[in-house]
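In what follows, chain A forms one complex with chain B and a second complex with chain C.
On to the complex of A and B.
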């Protein structure tokens, strides 16, 4: 996976993040490689517990330690190793160069401070402007994310806003310092469908206007198809497939990705029972030997049960972690 | 807001009336001040005479009417033992108790709140385990017993402080420490618990993701949300200290506050002074509760009055 290192704004290499729990060591992220090119939107696809959110937190060094541990790996942002930065340097990066939006807009904003106070906080910190000027900037950001009467809303508290409005505020906050990389962790998962569409539309429009590189973490194939240029599929803490988004939908190679695609409703094919991937994701404290997916894979043979596959190139910019990528 | 304060003040009047009635009924039904005031060998005539003098021979309903009529004018009559207006006597004892309670509360808050925050920031650390254990012990220790232990150790054996009395630092340190133990334990526990809860909230991660330093994350973002719980506990403790804890501590250290006054008047069955003291305590506690309830709005914008 070395061919795109040069153009990558963000490179995650061999990242392992483990958590010590009373049930044992949870290998949440267990050898993840990820390369995001400047200007693109990279989707990270995976079901709950596949380690995608932990990976996102690790990029910003926000994994709580303890119980978390960064066991191995590097995160390079614009060529600099984030894991080797001092605490102050990382803080300067957070919010200004790399910004993050979270899944739960309801709980992601502090209930005790006004929207304006929370947006201006980052502006004051990273851009050195204060008072009225910072507030004007906050209002401008609220306008950008299409919040009606922003001059009034800026003085309101989170509980006075709807879920969709809160997520707009989160986006405004994240974009307020013009970050180079935006990490959006399930930005629409907790919103209802119409609001979801509005937020996705807003994010697309902002991407056209601002041109921020985006790492979009989602479990929804629909959201990935709508938003992303490329996708990385994660399973049980590992990357199983990387492909441009069109290739992924038309010609997925990993059995897990194929299974995911088959489990989506497709009205064109008429009514049929949805396919499901048999079994359940493995217990993260007792991951299977060999290929992590083998207990649920129809094509698994002896080798899959004992030996862990490595990445195999299967075409231009396409990688898959499987012993039988051609079938 | 003004409407809320007004309604609450009306409730306060009702509460104080209720408390006063309760005290009136209990004292007049089970009390017998004449026996306390006269020597054992006093004759029946002398007893009847004193009873008449104190107005205790009138029907209970008449006595109640007179008491209520007086209370409306803030007149509780003269103390039977000291022959001075009861309310004045009670109010005169307020500053000493306030001095003790406010100092003890400040000491308790200054120690317990920072410790609670530190413990919550590093759960399971040595400081956290130390605090969890000591605060539990602090909450469980009866203050009169702690008071006696402190007197024996620091006043009698070491001679650092006075055993009892009022005036200099030598007198005030031990009662303040004794009184501070319970609220310090409470507030440390609540602070730790509440802070631990807030630090696990998603908005804390948001704050860190903005690039804020840990001090701002903890002391600005999390503390403002954690404050209401401590405020509730602090308010309750302040009330509990004024109404009960001080009585024991003031007795141990012979501190001239109204805690010891109430105990003395109960022992002497000095009804007017007892009524006046209870009235004063009730008013103070109601005002503290009102102040606590009003200050919630400062920390939590979701609360409206």
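On to the complex of A and C.
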């Protein structure tokens, strides 16, 4: 997957992040490659335990060590190796160059400080603006994320806001320093459907206005289809497929992606019985040999059980990690 | 009463006390379910959809009498279950069961799968000894597990297997009616289809009637025969599934359907986004509860509560504007 190095603002290469637990070593991220181009929205699609969130934390150097360990790999942001940065440089990177929003806005906001205090903290820290000016900037950010009467809301505490409003505040905080990359980790998973629609619409609009490159981590095929330009599909700590979003939905090549999409189509068409992927995702302390998906794959043969597949190119900008990609 | 009607809910109301001091009178009430009426037909799947706090879970629990309503009636198979005494209710419970969202947290983690599935049979004194072992093994096989799983602890199972154990326990007493409250939300995405297939198979095989509660439109659409939409304690619309999805009438149902992201990048569209937040059920708006967010709202909407009326073909809607 070397051909997109040049245009990539973020490159993750061969990343392995393991955790030592009482049950054994959890290979949460185990050889992941990811390339995000300037200006695009890249979805990282995967179910819980696929390693998508740990990868995001590793990009920001936020993996707790121990129990975590960066076993191998590199993260390059604008050509610089994040893992070799000094403490000061990393601090600048977080918040100012790369910003992150999380699934649960309630647990990411500090209940003891007002919304304004929390937004201005980043502005003061990274932009050197102070006092009234910083507060005005915070109000401007709240306006940007369409919070009604921002002059009043800026003095309120998180508990006075609804879930959707809190997520708007998180987005305002994340964008307040004009980051080059926004990592959104399941930004709407804890929200109701109509509020999710509001937040997705807001994110799209901000993308048009501000043009932030976005890494969107999600388990929802619908959210990915709605938002992303390209997608990287993860399974059991590895990337199984990379494709432009249309290609992925119309012509998936990895049996796992294909299986996921099949049941979605079945449901839409009201098929009597859904096509299923048999079995369940593997226990992360006991990952299967060979291809991690082989115990659930109808096409698996001897080779899949013993040899780990490598990336194969299956078209323009398309990669799949499978011995027998679907055609 | 229609011949094939299994459950009839009449003017069901449940208020929960909110706030208020120690030993004091509560100052306010959460209007969780507020005058809800509908029927469930034998053998069907009735889907109840709505956002968090709309009262769908409370409705399910009231129907099973796991909660006592503030007022209203639940008629099960012709019997007013709120009038049943302890013994009669216990007997009735064999016919009605619940599948939980998070199966795992409904299990005693120190019990093996065998004992979890066997518990209802033991409680009701329906089987013991080798008969019990056979029945539990049979139940495990029915839900797609193996008898050997009986010897495992719930934490050793995958999310899908846990839910299957929950389903095995729910069908152990041969119930006729099951309330399934978000049964697949805690299941791994790639395993959900298996659980949905299982629920469909069991319905056919055992002649079950489901009340299927979910916030997930695509699952509701797939499983249900009829669908009810709830908003802040009110049933605002209910209709046969195809009718509701093709021709939703209530502005809230429309917005809810439009809000669901479509799993097709070619169908990205500029959607009409519902503004504002869901009002608090402690202080619900007067009149129609949706009027604060409704672009069709007229003065009458903030004054009078719209009645739930049949618009033909069993399509019930509570809205002044249509």
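We take it that the second predicted complex is superposed on the first by the 316 of 327 C-alpha atoms of A that agree within 3 Å, B and C clash if a C-alpha of one lies under 4 Å from a C-alpha of the other, contacts with A are read in each partner's own complex, and residues count from 1 in each chain.
Please note the rule applied: a residue touches a chain if its C-beta (ideal position, glycine included) is under 8 Å from a C-beta of that chain, and two chains touch if they have at least 3 such contacts.
Bear in mind that the values here come from a model prediction, so they are computed numbers and not experimental data.
Aligning the two structures on chain A places chain B and chain C next to each other without any clash. In the superposition on chain A, A:275 contacts chain C only, with no contact to chain B. In the superposition on chain A, A:23 makes contact with neither chain B nor chain C. Contacts of A:81 after superposition on the shared chain: neither chain B nor chain C is touched. Legend: residue contacts after superposition of the two complexes on their common chain; A:47 is shown touching chain C, with no touch to chain B. Considering which of chain B and chain C touches more of chain A, the answer is C. In the overlay built on the shared chain, the residue A:223 is in contact with chain C alone; chain B does not reach it.
Superposition on the common chain A brings chain B within a closest Cα-Cα distance of 13 Å of chain C.
Comparing which residues of chain A touch chain B with which touch chain C, the overlap is empty. Those residues of chain B whose C-beta lies close enough to touch chain A in the complex are 201-203, 205-213, 221, 224-225, 299-302.
The part of chain A that touches chain B in the complex is made up of residues 57, 60, 62, 91-96, 99-100, 102, 104, 107-114, 121-122, 125-126, 157, 159, 170, 173. Those residues of chain A lying in contact with chain C across their complex are 47-49, 162, 164-165, 192-198, 200-201, 219-223, 225-226, 228, 245-246, 249, 256, 259-261, 263-264, 266-268, 270, 272-278, 280-281, 296. Interface residues of chain C facing chain A in the complex, by the touch rule stated above, are 51-52, 158-161, 188-194, 196-197, 200, 215, 217-219, 221-222, 255-256, 258-268, 271, 273-275, 277-278.
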